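Two complexes come next, and they have one chain in common, chain A, joined by chain B in the first and chain C in the second.
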Partner chain A sequence: MKLRGIGVGAMMYGLGYGYARPDFSATDIELAPDGTVTIWNGASELGQGLTTLLCQLVAQELGIPYEDTFIISADTGRTPDAGPVSASRSTYVQGNSAIKACRDLKGPLSELAGELLKVDPDRLIYKDGLVQDQEDPNRSISFHNLAGEMHKRGRRVRGSGYHNITTADVDPETSQGDAYASYAWASQLAEVEVDTEMGLVTVLRLASATDAGKAINPKMVEGQIEGGAVQGLGFALMEEMKVEQGEFKNAKLSTYLIPTAADVPMVEPLIVEVFDPTGPYGAKGVAEPATIPTAPTIFNAITNATGKRVRSTPASPERVLRLLGKLEEEEEETQLTFEDMPYPEP
Partner chain B sequence: MDENNLVKMTLTVNGEEVSMMAKGGRRLLDFLRDDLHLTGSKEGCGEGECGSCTVLLDGHSVLSCLTPMERAIGRSVVTIEGVGSPTNLHPVQAALLDEGGVQCGMCTPGMVISAIDLLQRNPDPTVEEIIEGISGNLCRCTGYKKIIFGIQHAAEELRSSGRTGMVKEATR
Partner chain C sequence: MLYQKYEVAQTLAEALSLLESHNGGNVRLVAGGTDLILQLHERILSAEVLVDISRVSEMRGIRQDGDELVIGAATTYAEIYHSSLIQNHAPLLAEASKKIGAVQIQNMATLGGNIGNASPAADAIPCLYALDADVVVASPNAERRIPVAEFHQGYRKIDLKPGELIKEIRFAIPPEGTGTAFYKYALRKSQAISVVDAAVCLKIEDGVIRHAAVALGAVAPTIIRSPEAEAVLIGEPPSEDLFARAGEAARKDARPIDDIRGSASFRRYLVAVCVSHAVRSACERAVR
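And now, the complex of A and B:
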């Protein structure tokens, strides 16, 4: 028999390290005489699109084309320490440090532009490759020409940005406090089919709504959401590290199975944008938030389909058959259930 | 084979004749990466599970980590280095970029080769056939959706311009 069920899962996630752990990033930028800008940032591109994102932010901040930005990434000899790429912090921390580097460079840029245009530097805006008086757009100089003038006059052409989101620790007695600089939210919805003869769970549909704050590059955010959900699906249904005496027993892709294209539905991504005033243009991290709700979502759908609850990951065919009473109970380690958890007194 | 286990490797790699003495008894992947310095083909698992070492051997996709190098003697090998160039991408490569089907890039060379193999055999694949065609290529980043759509768009692009997925034709 094949049973169908629907499940929902939700999560909240503290971005960055929190709990008073060092959490900072630094970025340098340099303006070339031709108006192109080079960015130095020590964070590693893992494929999530961080270098693209930093170039986008710098281009936006300086009002220049994306093509006029170049990035030197994660070169320990030359790039300032940006901290690790983890904890879904890159957009949030590294992005902010890049914006601060731009604003640092805008100081001497606006000063010279103000002199040349005879305008108060505070009135200047950067857009469409121009530096212009926001009250009289006819008074403008191209960013390209301004860069050349900066170099001719020996003005400062480097900018540095440092952004630190290290929070205070929580109260050691009560564990109360604001542990993180910002929080992300996500929820997912899945429809599953449980084959009661085989114990096989198939995820038919999976929708994932993730709060990106502001999607600076929507396609990359979708990539994080779709990839995160599929990784979460593997965690829910397939992936289990077997450790004996501290040794991994299945550290091979033939014994530790991860989802193939044939194991997953077409994840439907939904980008939610709730502006975060502390993020770069309102953005925050989406990487882990897109992965976390998947397993509870799928487990809830299994419960909806079968009326029984899987208590540990993965919901493998063996475990599902045991749950349905079709395989003999095996001595499994006792799992703490939610009902067993001591609930703290308020 | 002499006592140093040297073999004469005479074959075509990415359209160029190769003839050299090489230490034998190794995998095709080692010969390509270590001797020819074609490091585009990746070793993910080394046991035929992940597909990131996929290359074309006489036009058919094979896992170069499971292929003895001697099996390529006298035959034609195409690696990702022989598929398009930054200024002249193969439609599969262009479509994966446009669609966002590339993240960390570890699976991408094998994924592109598998997609080309599929489109050579089946110029108008359904979504199910695309999924089957790349089910031997693991990707940990993308969730596969953008890769599947990318291959679908590449197939449309090739059909509408009357070309096959064959490397020489597609990048003409």
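And now, the complex of A and C:
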């Protein structure tokens, strides 16, 4: 028999390290005479698109084409310490340090542009490859020419940004307090099919709504949401470290199974944008928030389909069959001792 | 080093003489290498000399020889499932070949290698058991022909003497009215090793099953046949009830163990599921 069920899962997540743990990033940038900008940042590109994102932020902040930015990334001999790529902090912390580096460079840039245009430097905006008087757009100089003038006159062409979101610790007595610099929210919805003869759970479709603050690059956010759902699906249905006497018994990808393309349903990414005043252009991290709700979503859908609750991950076929009373042994013991939340009838 | 010397044979005679010249040394044959190289890496096996037989034309391809089909030992799974001879006469073998590893593996791995590796979880071997296939073994002076079930003597143990190699696999073309099917149960939808699999070859005459061969994978030290399931099937007309009873009967022949992919009780349960599915498909194909 094939049973279908729908489940919902939700989460909140503290971005960065929180709890008074050091949480900072530094970025350097340098302007070349031709108007191109090189970025030095110590954070690693893991395929999540961080180097693209940092170049986008710098291009946006300086009003220049993306193609005019270059990045030197994660080279311990040359790049300033940006802290780790973890805790969904890269856009939030490293992105902010890149914007601060641009603002540092804009000091001497605006000073010279003000001199050349005979405008108060505070009135200048950086847009579409121009540095212009926001009150009189005809008074402008191209960013390209300004860069050349900066070099000819020996002005400062480097900028440095340092961003620190290290929070205060919580109250040692009560553990109360604002532990993180910011928080993200996400929820997911999935429909599953449980094959009661085979014990196999197939996720038929999954929608994932993730609070990105502001999607600096919507395609990359979608990629994070979809990738997060696939990881969460593996966590829910397949991934399990089998340890016996301290020895990891399935330390190979032939025995530690993760989803293949054939196991993954259509994932509908829903980007929610709730502007975060502390983020770069309002952005937050989306990496872990897009992964965390998936397993509870799928588990709730299994419960909705079968009326029974899998109590530990993964909901492997063997565990599902045992839950359904198909195998000889009783359902295995788990650590959970409290009563389940009753699942509401539709 | 995984090995000291790599020899490439161009002909069967050359392969046999290379084996003979290194006789007494630690020599192994390599075709696709998809099992062997992993096992050398993990120090499960060792080898001083590897003799590559993947280019030996006499050991490649699928042909008809009278009323038999002949599959060269160095024939890849991709070649097997693309073969119209296999698709027409032994579709279960095409089905199983498509489920082994990924496309990259199917392009490299060979049927003879699968037999030589003698894993009880091999996907193609249950098909050969169900087809009552023979393994043809060559040595410099002679050839032997052994039923595949006898060739596999125990857990990863085969009837192959030093200086011999697996040359080809032969089986009688199943007669009109035969249906064959392979059913694999794994823990994800592709690229996973079988937890249990079943291969079935049966013949229906006048609405009644006259011949039935049911083979099971990953439930015993070797691939096994299920005489219990076969006895249930023979003489009966196909029905849902019969498929379920055949599955239940097959459980009596399974001797599964607990391992990383599943417990013995999980496997005992799956035997019935896999056998009844494979029998149903085979019956549908037989009457078509």
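Here is the rule we go by: the second predicted complex is superposed on the first by the 329 of 346 C-alpha atoms of A that agree within 3 Å, B and C clash if a C-alpha of one lies under 4 Å from a C-alpha of the other, contacts with A are read in each partner's own complex, and residues count from 1 in each chain.
The rule is short, and it goes like this: a contact is a pair of C-beta atoms (placed from the backbone, for glycine too) under 8 Å apart; a residue touches a chain by one contact, two chains touch by 3 or more.
No experiment lies behind these values; they were computed from the predicted model shown.
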Practice task
Mind working out whether A:S316 is in touch with chain B, chain C, both or neither, as first, second, both or neither?
Solution key: second
Exercise for the section: Using the touch definition from the top, say if A:T260 reaches chain B (first), chain C (second), both or neither. Expected result: both
Practice task
Figure out whether A:I125 sits in contact with chain B (first) or chain C (second), or with both, or with neither.
Solution key: neither
Exercise for the section: Name the contact category of A:A10: first (chain B only), second (chain C only), both, or neither. Expected result: neither
Practice task
Considering only touches as defined above, state whether A:M220 meets chain B (first), chain C (second), both or neither.
Solution key: first
Exercise for the section: Would you check which partner chain A:A229 touches, where first means chain B only, second means chain C only, and both and neither mean what they say? Expected result: first
Practice task
Considering only the touch criterion stated at the top, classify A:A32 as touching first (chain B), second (chain C), both, or neither.
Solution key: neither
Exercise for the section: Once the structures are superposed on A, label A:L324 by its partner contacts, choosing first (chain B), second (chain C), both or neither. Expected result: neither
Problem - Intersection of chain A interface sets (partners chain B, chain C) - result: 254, 260, 262
Handout entry: chain C to chain A touching residues, read off their complex
Key = 185, 187-193, 260-263, 265-266, 268-269, 273
Problem - Touch list for chain A against partner chain B, complex - result: 46-49, 219-220, 222-223, 226-231, 252-254, 258, 260-262, 264, 266-267
Problem - Residues on chain A engaged by chain C in the complex (per definition of touch) - result: 197-198, 238, 242, 249-250, 254-255, 257, 259-260, 262-263, 316-318, 321, 326-329
Fill in the blank from the handout: The residues of chain B that touch chain A in their complex are 44-45, 47, 49-50, 100, 102-105, 130-132, 134-148
